[in-house]
Amino acid sequence: MPTVHITRRERFSAAHKLSRPDWSAEKNYATFGKCSNPNWHGHNYDLWVTVKGIPSTETGFVIDLSDLGKIMKARVVDKLDHKNIDLDVDFMKGIYSSTENLAIAIWKELEAPVNELGGRLFCVKLQETENNHVEYYGE
Amino acid sequence: MPTVHITRRERFSAAHKLSRPDWSAEKNYATFGKCSNPNWHGHNYDLWVTVKGIPSTETGFVIDLSDLGKIMKARVVDKLDHKNIDLDVDFMKGIYSSTENLAIAIWKELEAPVNELGGRLFCVKLQETENNHVEYYGE
Amino acid sequence: MPTVHITRRERFSAAHKLSRPDWSAEKNYATFGKCSNPNWHGHNYDLWVTVKGIPSTETGFVIDLSDLGKIMKARVVDKLDHKNIDLDVDFMKGIYSSTENLAIAIWKELEAPVNELGGRLFCVKLQETENNHVEYYGE
Amino acid sequence: MPTVHITRRERFSAAHKLSRPDWSAEKNYATFGKCSNPNWHGHNYDLWVTVKGIPSTETGFVIDLSDLGKIMKARVVDKLDHKNIDLDVDFMKGIYSSTENLAIAIWKELEAPVNELGGRLFCVKLQETENNHVEYYGE
Amino acid sequence: MPTVHITRRERFSAAHKLSRPDWSAEKNYATFGKCSNPNWHGHNYDLWVTVKGIPSTETGFVIDLSDLGKIMKARVVDKLDHKNIDLDVDFMKGIYSSTENLAIAIWKELEAPVNELGGRLFCVKLQETENNHVEYYGE
Amino acid sequence: MPTVHITRRERFSAAHKLSRPDWSAEKNYATFGKCSNPNWHGHNYDLWVTVKGIPSTETGFVIDLSDLGKIMKARVVDKLDHKNIDLDVDFMKGIYSSTENLAIAIWKELEAPVNELGGRLFCVKLQETENNHVEYYGE
């Protein structure tokens, strides 16, 4: 019974900043540099979600990518796209919006509904710019 | 003795459809959506094959990428490129052409001849569109 | 009054072949090579549509890209995506599906509705593979 | 004396929104959709600047790309990168931040210093997402 | 009779340097910076060649892209690929290997044989890195 | 305590050849083909460095990507960019410049300074062309 990893990409564009409210502007700038700009900045994020499982003998699918896309949109992308990550996103309340933390939070949003589809969530990969990305495997 | 993973990409363009002959058109459409179009559709596929091994002290190579490319072409790409996956491809006869199943079938074609080159086949990655890809590790 | 060119990309995946019914299989193969495979092949096509115009002082837009996207989908992409260009597409009936001819036919579908939006259709760019594309400027 | 077009790309990440202060939230949303989110959103922008000229017989250069890069950074990129286009950027004060208007404003910033280098500014291309871009030729 | 632009990409990897033999090392470094390294450096170049013409009513082609590819390989790519542009390439003897000059020289190699195919050479685009490219239109 | 993989890309352009001085030109050509060209060739290399660790509760970072970038530049990229890998690079002296060996050597340069930052070096991925890349995990 072969196991296959299948991945779907969705995209969103959002504003955020890296700035702790309990720190001074100076300390925020010393720590986060230009990412601490008080008036925000933003990115086009690419999100790849990988699910691991055994292809169905009936359909040849590990998971229906259309269903996976719907879950990604409903749980994650529609909440982040053209939003402010720090102000507008329920699952990021009280969480500091580093790419690392955002990927972990996205995993938590997706894990239960993706696993209900029959496969197993394997990896959340989040790319912030063409030079930077993170991967979280749920561990 | 360090172990390195080395990857080569080849590309092919092919037609296929997702449609079981033992199902009605309605059931196929309900299951596979637009992928079940009776008159076929097609894709540009990107195929990455990764081989794992110890670089030769003589050449610095895990495997000669030129040899790997020749095997990929002879065993896989030349059989798929500008073909109909469901009608023209010997190693896909009787196999349902989901991306998952195609990646598994490509692994089976490549495993023996790649391992004869001295490395060990590690991963077949097959990308169907910029938003969708699968990976198969032979397990 | 500055003039700006604005471009939107949409994508579709389709099957086709290059093969004239009034020619023998041999002549078709001699002329079109592997593209003449009787059982079809396919591609992921990238379509860029460029509109030229003066940005509105009210909105800053040459054209609403959302409206342009809707026209591209309704007139072109939904008719081509996961279809057989030679069998399924009304505006390609009797037209030979070279990339050149397909770009010209797409221009004809888009010209009137795009120009109604207020800008002027400037270019249809159609990419068939990462190595091949055509551009048509309506002339 | 051959004329060559030479292009350099720089990138920046910024926040903005499309929302007129003299309109109601409802009218802004009806016109600009999700781009009108009051708490901002953002993008990774790719900026290509093309200069046209005759290669120097001494250096083979139309323009020193290093000099062009410095001008692009000093006049445009450093002012936009990790900033809010609507709040932080001197040359966008009172200008509505559609991609069209931003490209025109960037042209105005670059025209004089680029032309001093010896070539002639030919095109400002600004890409907001992988699906959308504008080009401005100074006319 | 519609006119279409059709483009084919080929790639080559080559070494070169920017350094005039009649200048001192100091002057070369002051002018060309790291590009003047005496021991060479190198790039993966992407070459796009665009041909303009009327699609044949018989084949739908402006030009057979397979023929264009053969010309590009025989006249240009095979001479440059895995070569030293300054030492190994007949058509670059005595020409300084800026990207501008290389594009002009490629145009001269391609103009006659491409025009014999029936279309008309329109543009040579040469990309040296993801941030830099030139275009030459034969004027 | 979740563990995240974070990756940064840097780029360099360099010359090299694959040619053993203790072999004849004929044997080198038979083994390495066009890569053995005596006058060198070159590439644009993309280097991705992945670090594994637990995001700081204070900053949300596994590692400061700005610090990682500085280490990558000081230890690796500045030594390779616009250089000859076989002649100019201290950490490649006596090492044969296959992509495999180069990735291993880069790992050795980065391991200690990256681990001092607090994370743990996980992968060095080095891409030589769009069709070829290697990954080294330090084992």
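Letters are used for the chains, namely A, B, C, D, E and F, taken in the order the chains are written, and counting of residues starts over at 1 for each.
Everything that follows uses one rule, which is that a contact is a pair of C-beta atoms (placed from the backbone, for glycine too) under 8 Å apart; a residue touches a chain by one contact, two chains touch by 3 or more.
Since we're looking at a predicted model, the values are computed, not measured.
Undergrad: Would you mind naming the chains that touch chain C and likewise touch chain D?
TA: Shared contacts of chain C and chain D: E.
Undergrad: Common contacts of chain E and chain F?
TA: none
Undergrad: Can you spot which of A-D, E-F or C-D is a repeat of the C-E interface, where more than half the contact pairs line up?
TA: Of the listed pairs A-D, E-F or C-D, the one copying the C-E interface is C-D.
Undergrad: Going by average Cα coordinates, which chain is farthest removed from chain A?
TA: Chain E.
Undergrad: In whole angstrom, what separates the CA-based centres of chain B and chain E?
TA: 33
Undergrad: From the mean C-alpha coordinate of chain B to that of chain C, what's the distance rounded to whole Å?
TA: Chain B and chain C have C-alpha centres separated by 28 Å.
Undergrad: So which bits of chain C are touching at least two other chains?
TA: 130
Undergrad: Could you please write down every pair of chains that are in touch?
TA: Between chains, contact exists in these pairs: A-B, A-D, A-F, B-C, B-F, C-D, C-E, D-E, E-F.
Undergrad: Please output the residues of chain F touching chain A within their complex, sorted ascending.
TA: It is residues 2-10, 50, 55, 59-62, 65-66 of chain F that touch chain A.
Undergrad: Where on chain C is chain B touching in the complex?
TA: Those residues of chain C that touch chain B are 11, 13-16, 34-35, 37, 39-44, 81-84, 87-88, 129-130.
Undergrad: So in the complex, which bits of chain B are touching chain A?
TA: Checking each residue of chain B against chain A gives 18, 31-33, 96-101, 103-104, 130-139.
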